[in-house]
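In the two complexes that follow, chain A is the common piece, with chain B as its partner first and chain C second.
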Partner chain A sequence: MEQPDECFDPLQFAVDLDLTKSTKINPDEKVYISKSLINQANGSSYIELSSTKVTCAIYGPRETSSSSDESYSKCLLETSIKFSPFARQKRVDPLLIQYDNDEDCEEAELCSRLEEALLPCILLHKYPKSQIDIIIDVIEDDGQHLLSAIILSATVALIDACIELYDTVVAKSLKVNNSLFTLGYMPNLAQVSCLFFDGEATPNELDLLTDEAVKQCQVLHKAICKVVINDLKSAVALNRKTI
Partner chain B sequence: MSLDNHEELQKFIDLSEHYRTYLDEHDHSRPDGRKFHQSRSVQILDSLLQHSYGSSMIRFGNTTVICSITGQLTKPSLKSLRSGFIQTVVLLPRTQAWSTYGRRQQIINENLTLSQHLLDIIYKSKLINLEDLCIEEGKWVWRLQIDFQCLNNDGNLFDSCLFALNIALRHTSFPTVKIDPDTQKPLVYTKELIPFQYNHEQEPLCCTLAIYEYEQEYRFLIDPTVEEENIAKSILHYVLLKNDQICLIHKTSGAPFSIEKFHQCYSLARDYILQLRRKLNQ
Partner chain C sequence: MTTSTIDPSIQQQLVVPGTILTHDTSNFMRGHGTYLDSTKSHLKASVAGVVNKVDRLLCVEPVENTRYSGDVGHVVIGRVLKVDQTRWVVDIQSRLDAYLPLASVNLPGGENRRRMEDDERNMRQYLKEGDLFTAEVQQIYQDGTLALQTRNLRYGKLGEGILIHVRSSLVKHTKSHFHSLPCGASVIRGCNGAIWICPPSSTSSSDNNIVDTGGYVKNIESVSLDVRKTIVRLSNCIQILNRLGLPIYDTSIMQIYDISLVFEVDELIQPKVIQTLSKQLQQKDITNGSVGGIDGNGIDPYSHDMREE
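Coming up: the complex of A and B.
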């Protein structure tokens, strides 16, 4: 069956779209965290932050094929983030390989940000000559929580894969005047692992934002702890039964 | 994957031997506790994506599939001025060796075969009438985009994709489109949603049987997991419509098969699909 040459996004022709979409802030965002849902992976997780949905799979630590000097002393981190075709309002055709689209650049940018956030917390020297692959699929993106959901899912999956960590990285994205503020925080060490902000603000405002983000990070940290502990409890209960 | 205990190690070295010993020891019950003709539990979630016109998430045991339906506007082909287009895309989970060439090619091939099968079923069963996708003859038609993203592949993808499609179609509504008489440009009213028109009568559903040789006899495993698909001699797909008519049979090569066996499989498939249809209509 033949396919048409040219397709148009229906939103191009929309007549009743309100462009002045108010950025509503709903304080009671839904958070859903689950882990160990991908069988083949060593560790995996699924995170929902309001309507952003992300899955993460971790393979490794496994032997690396790279022979660089770096890999002799510590573990290499390889990340790959992909948007599903229906992640955004505009559909991305996965069969079409484009080299000049913005989507690829964005994926690469998110990858590097994720690595920046995770590097301080993993004990990389414990796994020499090996590599850890982090594969993330973005199922849906609401424009605010994407980066924090990616970092959170990677952390939960790392815990699930039993990779040694100094602490869990919990991230929170806040939206201020069309600019995003993302903070990666390690609650037990009380350290900031990463901070991204691409807007205009005075130092005072930034302080306030950081405080707010840290407060919300602690709430998320409790949620993660709850999931992990429940999971461990059920695993212990299951083991007792088999013994 | 941990190779800590004996069982895991045996599974890693020789999967089919492990499976056979398991069946011997556990009185013909499969490793997940099912009997040969028993299916896994099904979980259904609908309308979970806000950017799509219709969507669903299905879990068959551990297999998780998301189906999303969106549409694009396009010009019809000159051959048939009233018919729209359908495209199906299946995306399997990316695994660790995604970057290596051989594995990547294999995944792409699997994706394409599955998408093509699903598209064939949609055409042959007349589930979606292409003329229903027409907005104005010769000017504008819809191009239906059906995307399947598999989050976790634990076997039986075909059944779950087709089931997800049926659920998603029930919850699909398209925006109203009118044609501007002066400029011939379409006007899309995103707030006025109308339920999507499709053939409710058909409901094609698939039954996958893994044919496994055990004690010199063919056993039919309904709703196989990915391990069972790997050790099976061949895999049989039956797609049946609502009136138990066969829409598609597909058997992979491997085991020689007599006509009686096909009949036997058909009756198994019919019972299984009857159960699925009940779940669909709950």
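Coming up: the complex of A and C.
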């Protein structure tokens, strides 16, 4: 399926970054970011990373149904990820109930990874007794970029929902010899929020992968900022409020 | 390390979360949308929006999407979610649900009647789950929860009408939020963005305000077709005001109602009609000098297909 015309190569925004020859950004990996698609949700986004397509809707912060002690001091995060039946080569049964101790419970594992990536960046103490619902729908999965697309779409949707964040989480997936490496990075704080690795590698290789992923995340961060600020500009032109 | 920084003249700049607003943390006070980072040396933005600097207060305001946060004295329209022991839990379209304590409502038999145990058991006869009512914010608890009161006869259960939701920032705070419009319908503008349009009171008095029928009585009587048409027309007009980002108060509602009379009620949802109306509104300059939501050509920004014309 063809990508929309507005999708861009994220490298074009990285003009002020000092990119050395070692960055192996694939110019064919195009990115498309869009927000505010779902009207009923407080925030929403749609991300395409090469051929992975993911949409995210955020509801909240709203009154929490949980009465645990934790919920009185900070916000709870509820994530849910659903695959479309046509998302992969092999059809995914949408009605299949997966139990928590099931080995193939990929959706639950992705949910916990997403929580781990996002929890450091939200100002949870500002929303006591509330919860934020994040609902992800995977439209297409190309095998490599799924987790990073999920984290990116959740971040953009959080920005769209005007939930207070310490920083944006940018995620990048690298595939090296059947091993999948995903890094979630907060550029302004220069902190890694999460790191997932499936496969085999030596510690040196992991170091190199981390550095590579951090560089690519910084490039992606510029792209996200550009999209968000463009949206803000058009919204401000709409309102023209005398602040 | 990439750090997004902006120059000292930060007023009106657009920022994303994590952008450094200033290094001078001692001179500036933190407003909404900012946070002091862990090294206590930078003030950073926590939402995406426009920077607003007023003297020494720095805040970042999101352009849209602000949830209603509430203030003492606001008139709100809420729906009962739960009936608790001595209070009702109310949904007011905000981050948290509001409470209406039993002590804050008018009980039948007069205001100074002593509260009895039976009152707690009979709470559902006054307001039950799903009921809509107007109230005033009495106080705000520490975590942001609002406490409501309906001690005035103006507030109370709502009967027949249409409820619409608009952006809470567009509801202009005026002296009265209850309007009896000359076109033949009544409007209650809740500060939380909920607007209630209903038939005019059957016992209307000579002055402009709605007669106080707050309390238990739900006025269910049959409404004529003309009044229904007026109410639906008003509903469509207020939705147009919301879409264009214009302030919503009695004068603006009446102005858009008057110029909408040219069209049929069901035509008011079409993008072309909305475009025409917005052009006319721009000419009238209804918003006392603060025009919003209409760009130079009077084009409705949400109808992308109209852009080619």
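Note that in this section the second predicted complex is superposed on the first by the 202 of 243 C-alpha atoms of A that agree within 3 Å, B and C clash if a C-alpha of one lies under 4 Å from a C-alpha of the other, contacts with A are read in each partner's own complex, and residues count from 1 in each chain.
One rule holds for everything that comes next: contacts are C-beta pairs under 8 Å (C-beta built on N, C-alpha and C of every residue); 3 or more make two chains touch, one makes a residue touch a chain.
Worth saying up front: this structure is predicted, and the values here are computed from it rather than measured.
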*So, does A:Asn42 touch the first partner chain B, the second partner chain C, both, or neither?*
both
*After lining up the shared chain so the two structures overlap, which partner does A:Arg62 touch, if you call chain B first and chain C second: first, second, both or neither?*
both
*Classify the contacts of A:Val228 with the two partner chains as first (chain B alone), second (chain C alone), both, or neither.*
second
*Which holds for A:Ala237: it touches chain B only (first), chain C only (second), both, or neither?*
second
*Tell me which partner A:Asp167 touches in the superposition: chain B (first), chain C (second), both or neither.*
second
*Indicate the residue numbers of chain A shared between its chain B interface and its chain C interface, in ascending order.*
17, 42, 60, 62
_chain C - residues contacting chain A, complex_ = 1-4, 12, 14, 16-20, 33, 35, 37, 44, 46-50, 52, 61-67, 95-97, 143-145, 245, 290-293, 295, 301
*Under the touch definition given earlier, write down the residues of chain B that touch chain A in their complex.*
1, 48-52, 55, 62, 64, 66, 68, 70-77, 85-87, 89, 91, 93-96, 98, 119, 123, 143, 145, 147, 149, 151-154, 175, 177, 185-191, 226
*Once bound in the complex, which stretches of chain A touch chain B?*
1-4, 6-11, 13-17, 37-42, 44, 46, 51, 53, 55, 57, 59-60, 62, 80, 82, 84-89, 91, 93-95, 133, 135, 137, 139-140, 142
_Please output the residues of chain A touching chain C within their complex, sorted ascending._
17, 42-43, 60-63, 123, 127-130, 159-168, 186-190, 218, 221-222, 224-225, 228-229, 232-243
